[in-house]
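Next up: some structures, all given as structure tokens.
Look at the two complexes coming up: chain A is in both, with chain B in one and chain C in the other.
Presenting the complex of A and B:
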């Protein structure tokens, strides 16, 4: 890792002065780079960003999200995607191009309360995000347990190159689907593994801002020292 | 409230666990959540209490002031319970006029206190048909995680137990405050409400928001210190069988006794 300077910042704090690139949650005023949210600032490879400590989920095109059906209209489903925006899944996406509101019943495919893994197909902040389930591993989630964490902690749960999530999955034999919106579905044949995986995910959520988290999660899960070390430590 | 849509996975899990006699949070079916009662939390109110039922949190304040009696109840003091769910308490609550659920909540709490005759309202009369003392019991829900009925009820009862009633005298047809003289509220019995939800064939005590979202029907039973059922409210679109109702009333008495002991302690010591 290159030289990374981390510091807690609040909105308005001047993180650094100099010819650096402004990335997430910062803005540039002349040559000053100023934070716009509460979090940890990072300066790396000539760029500056702030990793927020809290925050809602703002959809981004291509994000994988977990949604909950909260309503239907004649042409689409409405999804709660843990965001100020409501996700829309057009009926054609599930029924195909010959969908007809008179012939097909939306609720027979996806009913209120069903959980769905979907991808954000399009979103530009002026209209509600459009979802799609036209991809491998997308669609209705039939089993597992939903765990909610803060959307800003999702990158930490995934870890560098997926190190954190791999550790948890390997140690508990669980299958974990992470929605970028902070909703996570964990399924595991073994009930004990399920409980451990849930505990680990919640631990990451609670301690996301602390260093050496992967090691701590490993010790919580009882992974022997040095195991799974092909992944990079944080 | 009431608009919570539970995801299907959670619903299945709740139903599966009930078949084994378990609940999502590890409680037994007839077990209440951790209850804490704290009184005197609002120094400027005549009486106040903060009640926590795990994540459900309520603050209740009592305001006492002289008032005109109701025209048909000239020989009784005034007792009014209200409730409000603050928008910060729950993502589904918006500011604005109270919804049906909140009105129901306030009325169930009010009925519990009124019908058990917890307070001897006759003692609150200053001059018959002209002037009485009024008790205004306002509950604010700080955090909502199910079973607001019981939380508000316990908070209201605890707030009444903790309150000091200022003394008023009638002078020239008008009530005048007598400085420095206070008394306890004229309490005769301790109402304890117990709310149960029916999910399928199972009766669970003290339902959480998740359990409320998948319950078929709900019942709140308020008993007095003698163990009589004094008030009852059924909610939800489904019903109960006769056997289930009998079971519910038994549960209300057995669970209620434990809560009443804590309230009695509160009455004796002024604190738990």
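Presenting the complex of A and C:
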């Protein structure tokens, strides 16, 4: 385990002074590194970052997101991806290269209100995020329960190397699709398990900043001590 | 005319010259806004709500290079003793503008091109120095909304009452005092983002007045900090 120093910070807090690399949610002013968000600061391997506890989702290339169709244009779908920017899914991505607006009807494949798991293919400052569904496990979501959590808490829900989400999935036998934008689809054949999983996800959202969260989630789900226990200590 | 200060330097509301009014801040009081805060600054009661970053409407206001900030300061009809017309007055338009300009240097809007951040400030009860209190609430609400900021903005007024420089001017002192100087600053960066002066001060008085106000800002900052810590970390300092 590398040496990681953590601290609670608010915007304007000087995290550290020295020749370190400024990463997410911090900025450099001379040799001071200052937080720009409310969150937990981390210093590791000469780099400094803040894990935010609040904020909207800013798309990143290759992120898996869950989007809701809000509109169509002749050549693309428009998605609400819980972000200040609207996601675009080109029609060719679904219909193939011979798509023709006169022949194919977009709404027959994906109608307004449908949920879709997609990947961000491209996004930069100058244009809205471009989505794609051309990958395994992407595309329209047919069933499941949508849970919204704060996008800043998604890394906590996944846990270190997926520890948290594996714990929940194994304990409830649910299938959980996590969008980086804070939208999560949970499906489970057993209604009890579904309710348990939803409760666990909401618990992570509410208690994301507290230590030993995996343990607490385990005890809430009734996982016996020692089972699937890895050495992760968070 | 009421007596604004006794011989031994006690002000009309019982404070000493360098004493702030009671301040309490609550973070995240509104569910539907992206960020919010409620401040009680003496008898001032002010709510601030933030939306954004979100799509700009009307579209022509959008900037391709950076996000924009919009701000509305509004006083409720019941915020003052005589009913206030709810339509925006000249004074409210001015305060909206100065609040916007006081917050802008603290925000990193470059991260959100083509979007807008809307700040709504609603004065429920006014008691002098409401622009400073409004700024304090708005800054905390912006942090609650998770908008990247270089620093919080803390604001506090100072003034001249009965020939003495006092901290945090209240309504009576504002009406009948000799000068009122609201100051907002980024306390960690050490830069002033708002400075207005209503009244006449000598150069020496001006310097002490500014220093008094800066001292007040730093004390307000501690309260803002505590409010945010309480909301996000249940005050459990690590």
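Everything that follows uses one rule, which is that the second predicted complex is superposed on the first by the 233 of 234 C-alpha atoms of A that agree within 3 Å, B and C clash if a C-alpha of one lies under 4 Å from a C-alpha of the other, contacts with A are read in each partner's own complex, and residues count from 1 in each chain.
Throughout what follows, a contact is a pair of C-beta atoms (placed from the backbone, for glycine too) under 8 Å apart; a residue touches a chain by one contact, two chains touch by 3 or more.
Every value quoted in this text rests on a predicted model; they were computed, and no experiment measured them.
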Review point. Is A:68 contacted by the first partner chain B, the second partner chain C, both or neither?
Key: first
Check your understanding: Is A:141 in contact with chain B, with chain C, with both, or with neither (first, second, both, neither)?
Key -> first
Practice item. Mind working out whether A:37 is in touch with chain B, chain C, both or neither, as first, second, both or neither? Key: second
Check your understanding: More residues of chain A are touched by which chain, chain B or chain C?
Key -> C
Review point. Is A:90 contacted by the first partner chain B, the second partner chain C, both or neither?
Key: neither
Exercise for review: Please indicate which partner A:155 is in contact with in the superposed arrangement: first for chain B, second for chain C, both, or neither.
Suggested key: neither
Practice item. Using the touch definition from the top, say if A:25 reaches chain B (first), chain C (second), both or neither. Key: second
Exercise for review: Quick one: which bits of chain A touch chain C in the complex? Just the residue numbers, please.
Suggested key: 6-8, 10-14, 25, 27, 29, 34, 36-38, 52-56, 58, 84-86, 125-126, 152, 209
Point to revise | Touching residues (chain side chain A, partner chain B) in the complex | key: 68, 70, 80, 111-115, 141, 143-146, 185
Revision key, fill the gap. Chain B residues touching chain A in their complex are 5-11, 13
Review point. For the complex, which residues does chain C have touching chain A?
Key: 34-35, 52-55, 64, 106, 108, 111-115, 143-152, 186-189, 225, 228-229, 232-233, 236-238
